[in-house]
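What follows are several structures.
In the two assemblies presented below, chain A is common to both, partnered first by chain B and then by chain C.
And then the complex of A and B:
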């Protein structure tokens, strides 16, 4: 016999007892607005892309993404974005270090402002700058027009600020005494960096790397002038998508977009996993 | 002598942090560097640790010239006011850090860390992160971490400065007992004279980059070298041209005879703080503070307005100093 039947007059526990789990009005409203906003701007368009991609059926989707020219574009874009991100991890952290830690460096203020130029510049202007510097009429005598190097340079240019700007504030807030403590425990400067500083910076580096990779994969304006967009050689996915649309092949464009979506998602998850592991290992 | 500091000077821009300081710190003892903030005591500690370099002078640790040694090679343990915990590492890994980078065998690290965690009573917190500990626990972790590498000297920079009064008191008693067990030469910086008097074997009073006095707590309290040390180590009051501790002033009811050591005056204020009664006596244009126990006070039946005579207790005359005229003019 249950206690409920023994004491029928006892009021059932009210739901408010568990109010710890319930949202307050304000946070409920906040969550609602955030979800609506996210859905309108992100989820619905992404779903539309996937739906459009699957319009022609699986066979057609597969044929589109395994097309030689498409595969070459994906390989070039993802490969270059990956390489550029690796370089940014090293260079971005170094630049952030100089900006935060090197008091004697006179050009610090100037560099601080210049870092953001690739952010602020419209990408097509960046493309124009790169074309006039490294194009056929290069004043430096460096002509990389119509080569894969052009894509690489364009990526490097536009993704430069990401790691710098994510790492810089974290580095500025680091506890210098923890580094001194490690040093007096016998840790060399390299050990202090690897075991004490790096684990604290890793989440910021990872965030910057993810942004940098995503920006690279999506880049169009800065490379379209210099790379020449040669199929099988210097054509990137964004150019490939645009040309599909211009040829009235919306499904094809959406199929490539869907593949990029999956790759970006995998990369962002992988970055997060690696980041957690580095932090834990210390 | 365990730490020998000879003619050390240090400037930060125009600010003179240490001005030709020489001091010997004895082996195996607990020494306090005491002084007001900005007086140079932390700078001196950081110079001993190698975290700061002296502009001139020599530092010797256990007979070894350490003046130009980097902190890694001085074999000192350093404890910071704000713990300087390795936030991403567990308590266990924090304590093991110094041993791990020395590549000691795993089994040795394990037994040493366990021993130290037991010493600082943190065994059950081994797997926590520093952020999950209270301030006092974090500081004990920091202490275990510093002791793990068996340093020749242990340096503590305002180790209890960030803790609340109660924990602070507990920890300093605990530090004293710990030192009696471990016997490592220890130097700690504090601006709290009570802390220094209670914990230290020897006190070095530092002010404005110079050493004012070195001695045992009793010596410093009973025979202060100058006005500054007298004022810094405890409450003072002025009687005639002498500075004296308020509890070393004798008070008697009634007018005095023509005794030059006595001053006649009237009680102008009575304040009770727990077991202690503070009586202000005004006479000869001077306000003298006298502290009495509750029983003494009740026995005398003092009230505001009572005529009394005060004098410096004859047996404590050595514990008074003449008022520094320059300082008198300044105030």
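And then the complex of A and C:
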């Protein structure tokens, strides 16, 4: 009751705030389309995976994901994706740097075009190419077929463009005046890079790293010919999932997929947290 | 206010999306169109059979829509609604899946052909000239021999290979324990376990391994396509039987197509692409790519069959290939731990 008596006296800034938040027709439609799109393509399928995974019950789920062969596959897949992501962070940023900053480099244009090839190539074709180049008949004398190195190599191949393509535009837009000012104030090149450039690039690097990790974890086509799919040694998780599907064990397949989803989710969140820290400290 | 706007936007978007999805799926007017869903290997043979059938009175003017892929995937796709009048798979369990779903008649395998439309045998493919001098199953477990085989755990079709190896011991007086021991040694020599027969052939032709556990029709087809490889028919091997079936709701033309597939004219086309005919008395002369084109399908010393030596496909699937308890699945998993 007291509030009722007080109400008329109160100024009405909240109203204006609220009306400012009200959706216009266009933004309402935009939000609607975005939500629908996101639901159809991401939320509903992901929910379906988790629901299917739980169909067999907790005991069944646990037995599936703790199966020795499955665990070995998850370990190999996640470990390799992690390592590959670290390398991509360094190499991808370097390549982006060369593409944007190195004016003397003549092959820049060519590299610029070639960098996206791993995206464009159907992965099974990539697998064939890798097999003929780094398999037993390698013209380069490098044979990594049916070893864990093959998995590592295939991951590297398909994830190369991510960091490059996320970092490149940010680097191109970077204001060079700040760098010049820092340099004129006596900062070393390393300090300029660490204090000025890196903080601006970090969100882009993080985004690229997250994509690269997620792509690696789910890779199948490019490594399936070269890795040999040997249980406990070179078998990746996607192959395990396929095995379960072939045995009409959809719950098992979904269980392993759900574990991958959780791991990817955790990694992507972790990457975001680290990224924010780095930006703040810069 | 806000809520209703958002809801309205969602509803609008939904109708847009739905109307965009509608349409299409036009049905044939006047002419009959049959949909074939099959596993990848017999695509070339089916194409040749269709061309022959279209020349007959029965088949004149019938059009075909075909879909080929991995056998299990194709079978699951039909369950999920892929349109099919005639299916041709690599293992019978892919047809029984459709029977269980009520899509194929329970009596599909009652005919004289027992539901089988094409057949082949397991062979040992080797490098051109057979440099490791592989003559039979016993040579595969020698030290230093590298084997490629599709993975029987993840490919239904690859199970024929493992069964042939098992039969080499069990059908020649060996016990289950001896067969297990042999398979353990065999898988210790496996250097690559691709997910399908096609991938295995690709890996082998790409230089991996000394021996590929393969199907005779695949090796003949590969030779027809200009690949260089040799193969040996081991003294004991298994008859690979690929089932074909008509779906319950298929038109009358589908049955007459199946009849043609089983006829000498149809089987001749299969033979030309490397499949062993399922009926006697088919002219098999002139099969290009065979070791001897005029005697393309020499009889192995001992030819095992699923019904004679392994009870039934469902029984053997459970005993050998169950995801958790299957004897051969366990051997494969253990082969990884040994190293």
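We adopt the following convention: the second predicted complex is superposed on the first by the 264 of 282 C-alpha atoms of A that agree within 3 Å, B and C clash if a C-alpha of one lies under 4 Å from a C-alpha of the other, contacts with A are read in each partner's own complex, and residues count from 1 in each chain.
By our rule, a contact is a pair of C-beta atoms (placed from the backbone, for glycine too) under 8 Å apart; a residue touches a chain by one contact, two chains touch by 3 or more.
This is a predicted model, so every value here is computed, not measured.
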(message) After the alignment on chain A, I want to confirm one thing: do chain B and chain C clash, or do they fit together?
(response) fit
(message) I'd like to know which partner A:232 touches here: chain B for first, chain C for second, both or neither.
(response) second
(request) Answer with first, second, both or neither: which of chain B and chain C does A:69 touch in the superposed model? (result) second
(message) Quick check on the superposed pair: does A:184 touch chain B, chain C, both, or neither? Answer first, second, both or neither.
(response) first
(message) Rounded to the nearest 10 degrees, how wide is the angle at the Cα centre of chain A between the Cα centres of chain B and chain C?
(response) 150
(request) Going by the touch definition up top, name the partner, chain B or chain C, that contacts more of chain A. (result) C
(message) Just checking: does A:23 make contact with chain B only, chain C only, both, or neither of them? Give me first, second, both or neither.
(response) second
(message) Contacts for A:243 in the overlay, against chain B (first) and chain C (second): which applies, first, second, both or neither?
(response) second
(message) Just checking: does A:175 make contact with chain B only, chain C only, both, or neither of them? Give me first, second, both or neither.
(response) first
(message) Contacts for A:35 in the overlay, against chain B (first) and chain C (second): which applies, first, second, both or neither?
(response) second
(request) Determine the nearest approach in Å between the Cα atoms of chain B and those of chain C after overlaying the two structures. (result) 31
(request) In the complex, go through chain B and note every residue touching chain A. (result) 49-51, 70-78, 80, 82, 84-89, 93, 97-98, 101-102, 142, 145-146, 148-149
(request) Enumerate the contact residues on chain A facing chain B in the complex. (result) 175, 177-178, 180-188, 191, 195-196, 199-200, 279-280, 282
(message) For a test of understanding, state which residues of chain A touch chain C in their complex under the given definition.
(response) 22-23, 25, 28-33, 35-36, 40, 67-69, 72, 128, 131-132, 135-137, 145-146, 224-225, 228-233, 235, 239, 242-249, 252
(message) Please output the residues of chain C touching chain A within their complex, sorted ascending.
(response) 1-2, 5-6, 8-10, 12-14, 17, 72, 76, 97, 151, 153-156, 190-195, 199, 202-203, 206-208, 321-324, 332-333, 335-337, 339
